[in-house]
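Pasting the structures in now, so scroll down.
The following pair of complexes shares a single chain, chain A, combined with chain B in the former and chain C in the latter.
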Partner chain A sequence: MKQSDPIFRLDGVTRRYGNLTALDSIDFTAEDNSYISLLGPSGSGKTSLLRVIAGFEAPDSGRIWFQGRDITDLPAHERGIGFVFQNFALFPHLTIFENVAFGLRNGAINPPEAEIIQRVKETIEMVGLTGLEDRNPDQISGGQKQRVALARSLVMQPKLVLLDEPLGALDANLRERMQTELRTIRERLDVTFLHVTGSETEALAMGDKVAVLDSGRIVQFGTPEEIYDAPIISDVALFLNRFNLFDGTLKDGVFHGAFGSVPVSGARANETDVYAIRYDRTQIFDTGSTDLPGPALPARYLASEYLGSSIVFLFETEDNKTVEVDHHLSLGEPRDLEVGRDYVLSWSPEQAIVFGKELAR
Partner chain B sequence: MESKVLKPVLAVYAGLFILFLYGPFIVLGILSFQQGPEGGPQFPIIEWSTYWYKHLFGLTPPSRIAPLPVGEALVRSLTLAFMTMVTSTVLGVMAAQAFRKRFRGAGLVFYLIVLGMMVPGVLTGLGTSLLANNVVGIERHWWSTAFVAHVVYTFPFAFLVMLAILNRFDGSVEEASWSLGVSPITTFRKVTFPLIFPGVLSAMLFAFTLSFDEFPRTLFASGRDQTLPLAIYGTFSVEIHPNIFAFGVMTTLFSFALLSVYGILMALSVRRAKKIAMQEDIS
Partner chain C sequence: MSAAGTNTKKTHSFQLLAPGVVWMILFLVAPIMMIVYVSFWTQTTFAINSTLTLDSWRNFFASEAYVGALWTTIRLWLIVLTLTFIVGYPAALYVGLLVKSKTVSTVLLVLCVIPFWTSFLIRVLAWRPMLGKEGAINIILQKIGLIDTPIEVLLFSELSVIIGMTQIYVVFMVGPIAFMLGRIDRNIIEAARDLGAGFGRIFWKIIFPLSLPGVVVGAIFVSVMVLGEFATSGALSGRKVNLLGNIIVTQVGSLKWAMASVVGVILTILLGIVVAGFLRIVDLKREI
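This part shows the complex of A and B:
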């Protein structure tokens, strides 16, 4: 199959828990053989969406299509969709080998023993667990458990694997290594990964495509670059954790905010008027500077945070709003700042993204 | 300062606790070695002997004291306890499994089940016998009416044990199994059951022991043939001889054997339980 063929499709899928609408009429089409990140804050309904696709829960309305078939009413065990749990959910009473062999042994297709051994061995080797076959799940590390959970799904050769915050239980080091490995493993197989995460870095780093979920709706779906450079609404910008967002009013093509009034060339439709500028596009100037590239925002310097490749400076504006400035160290040494002193923050207006009720276009 | 007061108080408490827990059994054990057939169920021990144990198995020369009529009753009680154990445990597991999903009227059903252990036993027994004799019109037997009464009584215990176990059970292993293409029935057999097995053992132990020495319900519900507790009580009404104590020691030893089997099976599955606990810690 080509990458452009749809592997699964959601058609107005809605799921309610009492008065709470976890999924609000979601339409979504996923391409075959791709890595899709599903990014959303906690409570955005991302886990519900995964559970509905897997068949652990039924939607209140809407249809789910998988490989051209309506699977809405199919029980979970007849769907052939893999699932990797955040807590791994390994079978504690079985060895690693038997964990991986479980689906082959107990499922509907019952391959001969020789084939089971062959497939299990291959999969265990692919995820790099050779030598641990006879261990029990309590005798291996978190990262290894993650691999077992993955191998257990992949051995069934599913066309779609759902991963529910699979890296959430791992420490930072391991998380980065598993990110790369998950991508490599997926590329070797003809399978689509739908990876749910609450971490924007993870979502942007891993997905060929990223879907942003907010309050039970998919608000944006696109490549990581599209999402990063052009968040479609202010909630997405907020959630990406890369933008300073200022409330204000947009009127007749001019945005009035804490930094004064700035004429804007265009605005994206939004429920409120918000002015967004990326952390790494915000610059620091001394009070009284005259060569500002754009608007002037007076702010007091609070603290800095060293991140290895960059430094984040934290400022506080007059109305107690925290503003972050990200200085990448490849651009040269950062300037010395005095804690508690007032500075002026500025940026080139064309790099700002403006969201507004009024479309100044 | 605090411990100076607390420690002696706790020591006295522990002493009393042990006295009342083991005292009766120790007295019973000592008296079972009373001399026979003249020796009675009281101190002092005239002479230590194993007469009453021999008497129990009919190895003594005939005397004015009749052998205990417990042989058949013992077999009946064991059979009844086994039947009750199997039935109540199966029902308990199934009912508790049903309660994992909230369903309409769950609260009401819960209280209806638990009622079985709340109602006074004598009344249940009497009610069962009246129901059988006067309403349904069937004869009372230990294997029919008494069996039903026992199940009604022990089922709530098995149910509550399993409810507690399943409450702590992390359902994601079952979902993992389904997502691997394994049907819910096979999943229960291959995943759920092995993991809840320690709980099932406890439920079985509860049901068996409760049924084995059940008295008030059986009194009216069992009909002509007596179970062991009834048979023993029947001998009290004539005259108490130390042979009953010897029998008590024997049954207690039997109970210990049963507990050992339970302990061994439990130890085997405790390793599994530990693994579950470790997995839960991560989540």
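This part shows the complex of A and C:
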């Protein structure tokens, strides 16, 4: 199969719970042998989507295609799609070895015992758990449980593995290590990972492609760079947590906001008029400066957060809106700021992204 | 920690344990030792004295009626235990696992317990108008024309004792099993489905093993109560079925303390073996 062949396809998939529409007519095509992050805030329907693909729930309408076959009416245990649960869901009464062997022993394929032992051993080795085969799930750590859950799915050699916030239950250190490992393991195996997460950094770091889900719809699907640099609607920009977003009005190619009126060269279709500038594109100037690169936004300095490689400065505007400025330390030492004093924030207008009802050209 | 510290700690735990230990010695250990002792006393028709003898024990094992009662007890216990399991497990499966709403499953469990709001004897006696020759079941079967003459074996037989005991004790099987099933993480079952296991496989490899501690606790409850039973067999068998419990009642009634003690000791040993056997199946300490 070529990289570009679709591994699975969703065709108008809709799922409702009573009055609530969890999935709203989703069309989606995933490439084979890729790592796809599915990013969405809680309640956006991302877990529902995974459960529908896995077959734990049936869609109210729409079809699901997997490896060129319509699997909408196929029960979960006949789909051959791996699923890694957020809480790992290991079988508590079975050893690590038997947990991993479960699918081979109890599934449809039923290979001979020698093959089971060999495949289980190889998979356990691949996820780095050799030596723990005879332990019980309550005798291993969270990160190890995560690996068992992954091995349990991978031993079945699925073409698609769904991961439901797989790193959510791990601490920060472990999360970063598992991020790299998940990617390495996937690349070795010719398998597609669909990784659901609520964390924008995780989604951007891990996915070859990122799909952003909001209120039961996939609002944007693209490479992490595309999502990061060019969010398609203001909700995506908001969710990425990298943009200062200003409400205002866009009229005749001019955006009127808290920072005055700025002519804009283009705008993306959106339900409201929003002006977005990235945290790290926003610059700090003294009140009264004349060499501003663009609009002037007066703001009071509140506090800073040291993040290691950068510092985030928090400002408050006159209408009580918090504005963040991200200063990367590789660009030099940040300037000294006095808490409570007024400064002016500015940026080059061409780096702003404008969303509007009116499509200015 | 110093030796003095350890000693204080020990003294404290002894003080905390003391009331319980005293209570158990006074009302459990002492009476059991007493019964064992009395079982070796010499019994004459109208009197008993503390000269030690094996006569009562010999009489028990020489009498066909007594040994027969032992076997009847064991047989009825196994039948009732099996039936409470067969009837109780599916009910527990429904209440504990298949019902999605916690409220509904609590309501269903309470419904199971409601019969216990009436007295034990009334629950047993209520089976008489159900099972009797002119009882509800026979009347209904005759009315719809399934039978011409009433089924007499329904009441005052071993069958009626089995039916009565199963009905009374099944809830003690349902409760612990439903509790264990309710604790199973639903994701585990979905994970098994995702790995390709069908319903049968999931039940035998995941659900049943995980509910086993509940089965064992339920089986211990039912066993302890059925093995010591005398009221149900007394009320529903028409004195035809004699269990060890019935023998104790009649022996005590005729002041045959030594023989009653022998039966009591045998029953206690039997219970001990049964409970110990069940506890070997699962390690209950892991579940607490």
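Criterion: the second predicted complex is superposed on the first by the 361 of 361 C-alpha atoms of A that agree within 3 Å, B and C clash if a C-alpha of one lies under 4 Å from a C-alpha of the other, contacts with A are read in each partner's own complex, and residues count from 1 in each chain.
The rule is short, and it goes like this: a residue touches a chain if its C-beta (ideal position, glycine included) is under 8 Å from a C-beta of that chain, and two chains touch if they have at least 3 such contacts.
Remember, predicted model here, so these are calculated numbers, not experimental data.
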- request: Please tell me, clash or fit, for chain B and chain C sharing chain A in the overlay.
  value: clash
Task: Examine A:169 and indicate which partner it touches, taking first as chain B and second as chain C; both and neither are also allowed.
output: first
Task: Quick one: classify A:85 as touching chain B (first), chain C (second), both or neither.
output: both
Query: Looking at chain A, which partner touches more of its residues: chain C or chain B?
result: B
- prompt: Now for A:142: first (chain B), second (chain C), both, or neither, which partner does it touch?
  reply: first
- request: Give one of first, second, both or neither to describe whether A:54 is in contact with chain B, with chain C, with both, or with none.
  value: both
- request: Look at A:25 in the shared chain and tell me whether it touches chain B only, chain C only, both, or neither; answer first, second, both or neither.
  value: neither
On chain A, positions contacted by chain B and by chain C: 54-56, 75-83, 85, 87, 89-93, 102-103, 106-109, 149, 152-153, 156
Query: Mind pulling up the chain A residues that touch chain C in the complex?
result: 54-56, 75-83, 85, 87, 89-93, 102-103, 106-109, 149, 152-153, 156
- request: Spell out the residues on chain C that touch chain A in their complex, using ranges where they run on.
  value: 185, 187-188, 190-198, 201-202, 205-206, 209-210
Chain B contact footprint on chain A (complex, rising order): 54-56, 75-83, 85-93, 102-103, 106-109, 136-138, 142, 145, 149, 152-153, 156, 169
Task: Would you pull the chain B residues touching chain A in the complex into a rising list?
output: 170, 172-173, 175-184, 186-187, 190-191, 194-195, 272, 274-276, 278-280, 282-283
